[in-house]
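Per-chain residue numbering starts at 1, and chain names A, B and C are given in the order in which the chains are listed.
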Amino acid sequence: MRVYLTAARLSLRRYLTYRSSAVAGVVTTTVFGFIRAYVLVALWKQKPEINGWDLADATTYAFLTQGLMVPMGVFMNGTELGPRIRSGDVAIDLYRPVDFQCWWLALDTGRAVGTGLLRSLPPVLAGSLVFPFALPLSPVRWIAFSLCCVIGYVVSFSLRYLISIIAFWTMDERGVAALVFAVGFFCSGMILPLTVMPGTLGTIVQHTPWATMIQIPSSVLFGTQPGGVGYALAFGLFWALVLMGAGRLLTEAARRKVVVQGG
Amino acid sequence: MAESAERPLAAPVAYLLLVRMWSRSALQYRTSMLLTGLGQLFTTSLDLVAILVLYSQVKVLGGFTLPQTLYLYGTTRVAFALSDIVASGVETLADAIRLGTFDLVLIRPVSTLAQVLADQFNPKRFNKLVPAAATLIWALTDLPVHWTAAKIAVCAGTILCGFVLYCAFWVLSGCISFLAVDARELANTFTYGSEFATEYPLNIFGRPLGLTLTFVVPVAFVTWQPSLYVLGHPDPFGLPGFLRLASPVVAAVFSALAVLAWRACIRRYRSSGS
Amino acid sequence: MTAVPAQTVASAPAASDVPTADPIILAEGLTKVFTSHKRTGRLRRERTDFTAVDGIDLSVAAGELVGYIGPNGAGKSTTIKMLTGILNPTAGTLRVAGFEPQRDRVKLARRIGVVFGQRTTLWWDLPLLDSFTLLQRLYRIPPERYAANLAYYTEALDLGPFLDRPVRQLSLGQRMRGDITAALLHDPAVVYLDEPTIGLDVVSKHAVREFLHDLNTRTGTTILLTTHDVDDIERLCSRVIAIDHGRVTYDGPLEDLRAERDLETVVRELYSRQEV
């Protein structure tokens, strides 16, 4: 267990050094947050209440998701595992006496916390200065929100891990990653809140694993999640278990493949 | 020794030569290209889906109907896709500076801008043009516009001037890479940010921001102003009518500024070494 | 002057159209100062100036083969960057092949060739020959001249077996030979080689050295060679310039340098920053 904590801590420290690129990233994130917020303002001006959300919810959502975007890995650009598989360095990793998937989870957790510390707050602060915000005061809601974020993060990691590990068979996961990125970006609610999507599209999109990453935590925070916190946690845990499990199965398959091929 | 000509190779010719070389390099990786191409096709359609979702909730957004917004979206998307094909090589500049390979550009007897714009050219960029053009055509067929010769000309001009302005934005984003090597994401706000912002009616940004985007950074002249003319829509900001046809002038002036800025950045790089 | 590959012309300097009386590289008081800003407190920033090259004078005549040596950080690569036009000098005058690198980067670029030992100038994914074809267009090399040069270098450097192989599949030695050819196809007046033999096996090193020696004696191409390899200096350089802390510490014939001690000791001393 200590190994994983150390790995996470070292990864965190590394990501904390990327300060200047984080500043640039924050500016970009804030700008896009503003654009998204104005679009939502235009929509809510026409229709002041949509599926239980009011304008303040929408604008808060825009900036909240911009802040969470990078730590949650919404961009689905794999882990650093992909390049290591392509170069063959991964053989060393497979021989380490640690659980392969947990190792990468530890590293990615460091990344998530590091980027979160550097980037998540400023966009939210900037947005709150200009737009109406709807952040609750109740600590219960915030705890629920944090739990949902953690689960959403694990789901995100497990998806990215699966994409990366496919490289063992296809030698190049970038094509698949591009497709998944497209789907994921939309289905996570980065373009529009999933709650405004109509009919069948809305139903489908709110049940994919991507919904757990930023949409559900946000809904829980606003108190507008249908089925409440219980449903949110259960839904998230379901996907986390399924996807992590799939990851473990594929890891074993990959390990066998490597042994057979002699690395 | 006889030299064929004292004049160096013209920048556009050098650009095309380099583009051809990079294309042939890229074609070596055909399967990856195909998958990424499909992914791109998908991604670029998603913003469109977003607009459709918005209009599934309301009939009018910011005073504009769905076909009108689709026209705004289509024109800016097409202009941007064209500029992306031509000029997005500039995205690799930050890495080239960091790794020291930019020095190679300075060694060649050819325009630095031509080399940088052509860098990593990939034919798969053409994929993005398809959904954009399709949306524009759809919008054009759906619009209740009375098409005069003037309007058709302005419509074509919108895309042309938008393309030129976007290319200028790409060049400026390259200049940002010179000034702050870590700021590649910042450079993206210029290009991808202005593309995102112009997909929607500009008045959703409110008056102060909207005017800034007209007179400080000419984002409004990419497609918004000339589109007001084509759509026959009154200017929500109440700006004078002649601005709607000002895009060509704005594009020309702004491009000149972009090239000047580029040259200044090259001079600065050669003086400070980074 | 006829455009004939070096093998048939013995002494005519095919690469220079500058009168041979003038030095082909002339630097006076060449200085390069880098300014960096360090944060020394909450809001204060301190400006530190680092003088990489401190008013050096250089005079290289056409046809010389000069070794340029010095420890890392001495100012070697900064000097080369100024000579090639990558960096502008902070002070001093500089003329290379009849041009001021600062003002006439493009015109100068056609008259010089550069070989980086650790980086390739070639196209990674395409056959070697394709890189050459592109360079022919970029440098506007007359077709007959290009064909003659290509034939000559193909034979002299034995490029035949791998001309149609992608550069990424070449060995280091093969790639180096490709890079050297790429730098010479347009008949430059001055060629800069930065550690050309680094990482090569003994046989390849020897081949490169012999080729450079041949190039210099037959065509009179001026060569400026940066190297840490003692054998390179021994075989090739008639003249050695040593630089340290931005100043020239030695500039003279190779023989004088090793008059007292063997070359290896001298170089080692130079590199450990002792007085020569």
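By definition in this document, a residue touches a chain if its C-beta (ideal position, glycine included) is under 8 Å from a C-beta of that chain, and two chains touch if they have at least 3 such contacts.
Source: prediction; values computed, not measured.
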Original post:
What chain is the most remote from subunit B, judged by the mean position of CA atoms in each chain?
Top reply: C
Original post:
When you take the mean of every protein CA atom shown, which chain's own CA mean is nearest to it?
Top reply: B
Subject >> Chain-chain pair with the highest tally of contacting C-beta pairs >> reply: A-B
Original post:
Per the centroid of Cα atoms for each chain, what is the distance between subunit A and subunit B, given in Å?
Top reply: 29
Subject >> Distance from subunit C to subunit B - Cα centre to Cα centre, in angstrom >> reply: 40
Original post:
Distance from the CA centroid of subunit A to that of subunit C, rounded to the nearest Å?
Top reply: 50
Original post:
Contact residues on subunit B for subunit C in the complex?
Top reply: 1-5, 8-9, 14, 17-18, 21, 24-25, 28, 100-101, 103-104, 106-111, 267, 270-273
Original post:
Which residues of subunit A touch subunit B in the complex?
Top reply: 20-21, 23-25, 27-28, 31-32, 35, 38-39, 41-43, 46-47, 50, 172, 174-183, 185-186, 191-192, 196-198, 201
Subject >> Interface residues, subunit B side, partner subunit A - complex >> reply: 31-32, 34-36, 38-40, 42-43, 46-47, 49-50, 53-54, 56-58, 60-62, 180, 182-186, 188-189, 193, 196-197, 200-201, 204-206, 209
Original post:
Inside the complex, what are the residues of subunit C that reach subunit B?
Top reply: 1, 3, 14-15, 17, 34-35, 78, 81, 84-88, 102, 105-107, 109-110, 112, 114, 119, 121, 123-126, 130, 134, 137-142, 145, 187
